[in-house]
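All chains are identified by letter, namely A, B, C, D and E, in their written order; residue positions are counted from 1 within each chain.
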Amino acid sequence: MADAVATPGQTMEQAIETPGETLGATAAALKADKTDWKQIKRQVIGFTFYRILPEWRRLPEAERAEQKRRFAEVVKRWNQPGRMLSLSYSTVGLRGDVDMVLWTISYSVDDLSQMRAELLATPLGGYLETPYSYLSMTKRSQYLIGHEHEGQADSRGFLRPGGQKYIFIYPFWKTRAWYLLPIEERQRLMNEHIRVGHLYPRVKLNTTYSFGLDDQEFVVAFESNFPEDFLDLVQQLRETEISAYTLKDTPIFTCIRMTPEAMLDRLG
Amino acid sequence: MADAVATPGQTMEQAIETPGETLGATAAALKADKTDWKQIKRQVIGFTFYRILPEWRRLPEAERAEQKRRFAEVVKRWNQPGRMLSLSYSTVGLRGDVDMVLWTISYSVDDLSQMRAELLATPLGGYLETPYSYLSMTKRSQYLIGHEHEGQADSRGFLRPGGQKYIFIYPFWKTRAWYLLPIEERQRLMNEHIRVGHLYPRVKLNTTYSFGLDDQEFVVAFESNFPEDFLDLVQQLRETEISAYTLKDTPIFTCIRMTPEAMLDRLG
Amino acid sequence: MADAVATPGQTMEQAIETPGETLGATAAALKADKTDWKQIKRQVIGFTFYRILPEWRRLPEAERAEQKRRFAEVVKRWNQPGRMLSLSYSTVGLRGDVDMVLWTISYSVDDLSQMRAELLATPLGGYLETPYSYLSMTKRSQYLIGHEHEGQADSRGFLRPGGQKYIFIYPFWKTRAWYLLPIEERQRLMNEHIRVGHLYPRVKLNTTYSFGLDDQEFVVAFESNFPEDFLDLVQQLRETEISAYTLKDTPIFTCIRMTPEAMLDRLG
Amino acid sequence: MADAVATPGQTMEQAIETPGETLGATAAALKADKTDWKQIKRQVIGFTFYRILPEWRRLPEAERAEQKRRFAEVVKRWNQPGRMLSLSYSTVGLRGDVDMVLWTISYSVDDLSQMRAELLATPLGGYLETPYSYLSMTKRSQYLIGHEHEGQADSRGFLRPGGQKYIFIYPFWKTRAWYLLPIEERQRLMNEHIRVGHLYPRVKLNTTYSFGLDDQEFVVAFESNFPEDFLDLVQQLRETEISAYTLKDTPIFTCIRMTPEAMLDRLG
Amino acid sequence: MADAVATPGQTMEQAIETPGETLGATAAALKADKTDWKQIKRQVIGFTFYRILPEWRRLPEAERAEQKRRFAEVVKRWNQPGRMLSLSYSTVGLRGDVDMVLWTISYSVDDLSQMRAELLATPLGGYLETPYSYLSMTKRSQYLIGHEHEGQADSRGFLRPGGQKYIFIYPFWKTRAWYLLPIEERQRLMNEHIRVGHLYPRVKLNTTYSFGLDDQEFVVAFESNFPEDFLDLVQQLRETEISAYTLKDTPIFTCIRMTPEAMLDRLG
């Protein structure tokens, strides 16, 4: 299970709802894996959901354009190979409470905070609220965010995030009963789950961990070019036994991948 | 069950709370159905609920009139046969948290987002909030939204949405226990439900699916000219066994169908 | 049970928490009742709870007075015998989230919406929010709202709403378990409930139905000149068996009956 | 039980969580009590929690001072022996959602509403919100609020509210299961509760009743000069059996008693 | 258990989720402890979470700088050895609803309130909201906040709070079932919990008590330089039996320790 998470580039059938490091299957997988995972820095993940105040839309167009330019500039300045990568998404018309999303992958809680502070210090920051924000970490360094690993992307299998048109993000909690099941039972329940995932190869899963860092236990982000595939997958998963161990998996955000400029233009 | 959904033009007794594609009854129905459903594009549905900020009502009448004109213009410009159809409703005086609703049927998540962005970019957008927004899809192309299917409406049975004075919309979640019932038991429970639905032929049901795309599992929209029929139907359904498998079915929105101009005039 | 609701002019012991039309007792009562209920129009009920924005209180006194005059004018213009009746209440100092309440009885969802739209289109509407709003219907025409039934008030027993100094309003949901009880058991539980109601003859009950029209199942409104009677009644009802079938019965609004002008003056 | 409530001047061990008038013990106590309780007016209690809008703090100091003076004037003008008594508390720095509290004891719902309306009609009212408000009544006249009972304070044991530096207020709901327990069992559970209360003689309890008047069943207010005593008492009560019958007992407000002027000065 | 709390300087394995003073183990520990704990003043703890209003970010830079200076001045003026100590943290980019946190340790509820009032009375106070605020006390004087105990820090083991880069704060409620378990069973469950804690020596725990003073039962604050350690610890604790007795442990705040000036600069 856990190794499914550890192996980046994973598809659906591998990594959903990993029951943790203690499963026997994991130990075996780790033994076979020659990578020295302990040496690899954990990644710090931020999903930040912004809402623009309605009064911003009353500003003159030129002022709004300048504010968008300044905001996009900060996003791009912080995209530094080996340090931080931010992907931008619009949710205008798809959620009522959120207008745009930044998915940031970095190596430092402080970098993430500093970058967000610089965004809010731009003129646009005077008109932004943040209705949702999810902080999480990878269990192992999962995403390829710069040149340093460039040559190893295939062999090491780092994910290249943002390669699909849509992302579906939600925070996730399992019931406490799940965590008290014997390992073998969790494995059995996972197997059925994985079998269903196999049926939807066009959906890619990213699992990150928030235990103790934020309200939820996990933040999961599914990437796909086919929303109908994800809809059908989630509906079908309702009929698996493991589904009864989900405590909460909302809110769910459907987001469209676009450049920072396009994301900002969709605000008005 | 699922075929009830698949057959547009359905009335109440056919389509409520379909338990999914895996039911045996569905397989039989599909076999008998000569339509090549796989070829038909899924429709993308948006229910967007707007609230006008009180301060908008303090603006001069002429300014408000101009803002309403610009907003209605965008709604109508996007009503493009074969691409998008938006129906407009007022909830003034019927809900405290929402003033008007757009029900949009399209074929693209991006179109929906872009259209909503253009609405918010009108001057009225500077005074709007969106307290609720539901994103969903049909399982098969369900609504007739333009000339391309005109001649086939009868034979193919596409719904013509918006034909009744009132619509009753709500998001819907079933309990996880429902999804773990054997198919035969779900069928038995559905049968009773359908029997009650038969008693109210003046109520038409539209079921759409949100699994993974938004917080709820379904968005259902009932159309009728007779609110008292819908009230009596829902009360009577409480006494069916299947009702115990409803996890949540609120908020419920009673909406009055009217032109975009009339909907906007009811704002003040 | 249901006939308790059907018989206007009811007191406490008759009509609380009616279990619906299917009870045997109802059939008997209906048989004895010569009124042709099917011919009687159902009434549309709106309970609208307004909150004044704090900034309104900063306006000059003359402007506030003029705004109140215009608002009261609309309330009174829509009080049309046989069409609509609105009763006005203050909750200032009794609730923190609501300042005033309109209880409107009419025959049309559209009339209700149009009347509320005209209220919000007055200058005061620019400073109002609507934290709560309940839409419901009577099962049969219950209230006497104009001259047309004047002569029949006694024989037909229509309620004359608003005859007491206080009203206690709340939305109400029963558990799903209630709806699955056998009729005889529901009858038995109701009998105890009714017995307690008999002890408080100074409390009058109005039950309205919201199934499918709004979030709650019922909206109940108790009228009395004696708040302590209602407090004691509700506390005593906690010890009845039927009380365990209440899912939710909040928020509860204690409201003081007064003229529209007095209600508005209490805003500041 | 109920007589503990009926006997003002009560300490902790007497009056917490009274199970109502129907307990046998009450009947006995009432028989021994020569007071004609039926003749004594019930008291109407309001706990109103105000929050100052941040923008108020941007006003010039002189304007704020004048606004505070006008607000305090109304509080004091309504302190009328035999009619109304208001106690004032600050929660600045102790709660994030509330800045000050008025605890008002009166004999009339309308007086309470009128007094609060006059407070909101002062210039400070243009900058106040009321995040919480609890309306309740005593079961018997419990507090001594003026000269009329002066000579009987000892013999009749009316409470003199406000005699301690701190007050701890919370709304309170019991589970429905509690109300269905046999009287003897409730008595047994209360006895243990009372035994723990005896250990903290420096904590004084005030119980008021909200059934049907407001969302909660009770509003309880504990007075003490020693916050650590109240903390220890509540923690210890968690280990009593009766604690399992608490449905909800939040939010909890820790408040500091001060004059209206000092309370207002703490706003800024 | 309880003595784990009583012994400041504790690490993870000692003090988490202490089941209260009644455990036998505590009595033994106290007997062995020569300190006269009864003589030691209880500490009053405030965790205050501030959010800056977006409009503040529209102010001229010089005005914002001056406002920050005045706010920091108050924080520092109240840092008085033996009376009060405030630690400052930023949450910008880590939470959407909160921008900065003050953790204040003092000996008086009134001091805490007065200090917070002075903060809000600075010009920055006109742009601050307080979305969360937790009031609690230590069971014994736990933190070393000034010179008076300087010489005894080692022997008495007072905590020196703020020594780590990150703090993880959350309010905490146990289920009522926990409090009704026999002492021996609670001890057994704690032992497993402690065993897991031992595995993460780089995480330090601070437990404070809110029973009766605020909504939650406990406020816990974990300090560490290693967020990944805390993440792994919390995930691993999910698999302990005692975890099923957690009622609620959110929201969770990840905060970065910095000077008041740095914390304020991160606002914009």
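In this section, a contact is a pair of C-beta atoms (placed from the backbone, for glycine too) under 8 Å apart; a residue touches a chain by one contact, two chains touch by 3 or more.
What you are looking at is a predicted structure, and each value in this text was computed from that prediction instead of being measured.
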Note: chains that touch subunit C and subunit E both are D
Determine whether subunit A and subunit E, two copies of the same sequence, contact each other through the same residue numbers or different ones, counting it as same when over half of the numbers at the interface appear on both sides.
different
Please state the rotation angle, between 0 and 180 degrees and to the nearest 5, that superposes the Cα atoms of subunit A on subunit C.
145
Whole-Å distance, subunit B centre to subunit D centre, using C-alpha means?
48
Just give me the whole-number Å value for how far the CA centre of subunit D lies from that of subunit E.
30
Taking each residue of subunit E in turn, which ones touch at least two of the other chains?
none
Based on which chains touch which, is the overall arrangement a line, ring, star, complete graph, or other?
ring
Partner subunit C, residues of subunit B touching it in the complex
54-58, 90-97, 166, 168, 222, 227-228, 230-236, 238-239, 241, 243-244, 246, 250-252, 254, 256, 266-268
Listed in rising order, the residues of subunit D that touch subunit C in the complex are 20, 22, 42, 44, 46, 48-49, 53, 109-110, 112-117, 120-121, 123, 125-133, 135, 137, 176-177, 179-180, 209-215, 217
